[in-house]
């Protein structure tokens, strides 16, 4: 099977999974106890108002019809009106998602830039003091909840050494760049506005770390384990017996086979980070999709909740596909073996 | 006086473990002449594989104690630095393992691995390496070397992979080839072919071979001189003829008896209480 | 049989970290079990106020200080451990049987069952755990501990399905399974009496690690306000409520937060020790 066949198969499966997820979320939303319209309007609304809302939301029709309407509207870009922001949900998504996307990208970059080298050092110098320190750091990262990291980082940098800001995405006194992608870092670069770039970057650091630290820990531990497993393998012994340079072994011949199982788990780490975003965005008052998600959950905004769940799921599915392709690239066996 | 290529003198090796000290090699003495084919026979755990690691300088853990000498071309390489070893490994001394496919990195093409073997302390472009590998593979009757070089290890059959690994081992014309249970993981016919190939190539380059094995049949086919090792002690040494005709040490006799014979003498009698072979002194022919 | 003399314990105790983990877990569980008897102010767990002693920093009397309405934080943290541990055990008691049963069936019964069950599992796995749990709780009318448990269980079972499915598939072709099949053993028997015992090392290891992670996720949910409600002492809620009063009354948030860290650390260390001892990969 060739690369493009694999590509198509993966997309097909992802699409099926997406539909499955949409059914699950939809059913959850419709089958919960309580009347969504009543909950949304609150205890002081009159019977007529509730009934009217029920009609608008098609709550009186059969579940299949409701789902059909839901999917059709979904593909038309209509996710309903949020009872919390009183705007079309799709508008909410467009306003808030880029902030979260940028944050996750930052967290993901930190995870790879710090987690992997830490793991390599740990694996290469196994059982030395380098390894021990790295393992302690990784362990602390993994067991500490993201919100605790957020609070600790905030305390440290807001009160002890105020070098990084702890609120919002950007300094209020600066003018935001023209919105092209919604990602401040890119938009400011496109404008050549380095002041805003630096400011946005410094705002991203702390929340990025708060989200990334558990994943960094996990990534480091995993890289370490996989790397040291690979170092035990006979083809590395062979490489050493034939004087392959140690440096090349560490960065290429041991690293490549070890990275395959690692990359797969990194995909899952992204799921973990997506969850952590909810906690961190709340603490840092970050105007992103996750903070929006928390607010719509507390406000019982049905459309908002469904949209949030779907967006994060799609994000995760795309990341997974991406990860699968990287694995494909690293491991020739998948395509070549029939 | 004929200079010995490899002379192992009173080699001792021990590991420190939680339970105490484990003595793996206890005063081993062994020598090889240039171009000579020597077998080191013993069962699992006798210490034979670990000897090859010491020759290549690959045993560097902290809890290891080494004593004695390993003289390669009259130079003691037992405690050489890794940098020094790098010049020897893959160049003057090479090794082949028992599972050829496991010895090759599964995510890199064969040509990449040849490249590193060719590089070995000299500069060579990837293109030259490819050509050199092609020539070498042609010599061992591999018909389409280009296809093989562009393949991954899992795409090769066991026998083919073994030929590739042997080629890699011989491409730099080493003085000493270590063969650690070659082809034990493959079937007998391929094992024979591999041994024949090794024989041909080493004869051509006058490469000495130290063959590590537990299989007396392989010894019989291939070796000129034999050392029998049991629990870290050499219990018998002699030429192949001497050993097979007049085995001196009871352990050697036990090993020989365990080879199934076609002459139909029935199963060998099994001694339920074998003597401690390590205590019986070495038999030298 | 003295458990301390088995070869397993010997191997486990080789690693000092695993032993520390075991000590931590034992201490925390004991504290939680004995909470009403060993804490200085068990009545502070219910509706209680003592404004005279509010916001007092840590002292000999109030080891972790008092909160905004005068309740002893140490007592509340220990009782908070009860909530966390209950969450962990209940969630896994629900998630593990479901997940394991599905994994066994998917791995062993046949192609069709495999396809359906694993697709369902994939769907649930596609939703990040916290997102799923949040969605479920969010859609229920009023957040409380019970709903939290249900929500987290729903997010957790697929991981067990996948684990058991993988193990089942890899040992399906082993000799003893074929032997049982030939002898006419029923599928049920093979799944639960032949395959399942072989899953136990991985299963035990994963459950131990998960106890820590469920507490982590649970405390994250209650941090967002979706867990047990006041006055029940929930560690996550305590951190959240105390967060607005940082840094002056740092003890409001940091002690409960640290408490969460300790128990998650404990389970993690024990789980890692088991992983090394059984030599498995979860």
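Note that the chains take the letters A, B and C in the order they are written out, and that residue 1 is the start of every chain.
Heads up, the rule we're going with is that a residue touches a chain if its C-beta (ideal position, glycine included) is under 8 Å from a C-beta of that chain, and two chains touch if they have at least 3 such contacts.
Please read all numbers here as calculations on a predicted model, not as lab measurements.
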Set of chains adjacent to chain A and to chain C: none
Best-connected chain pair, where connection means C-beta pairs in contact: A-C
Chain A-chain C separation of Cα centroids, rounded to whole Å: 23
Whole-Å gap separating chain A and chain B, where each centre is the average of the chain's CA atoms: 52
Interface residues, chain B side, partner chain A - complex: 56, 58, 85-87, 89-91, 94-95, 97, 99, 102-108, 116-117, 120-121, 152, 154-155, 168
Complex interface listing, chain A residues touching chain B: 233-235, 237-244, 248, 253, 256-257, 260, 330-333, 336-337
Interfacial residue positions of chain A with respect to chain C in the complex: 13, 16-18, 20-21, 24-25, 28-29, 32-34, 39, 139, 142-148, 151, 154-155, 159, 271-272, 274-276, 278-279, 282-283, 293-294, 296-298, 300, 302, 305-306, 308-309, 312-313, 316-317, 320
Partner chain A, residues of chain C touching it in the complex: 119-120, 122-124, 126-132, 134-141, 212, 216-217, 219-220, 223-226, 236, 239-240, 243, 246-247, 250, 253-254, 257, 260-261, 264-265, 268-269
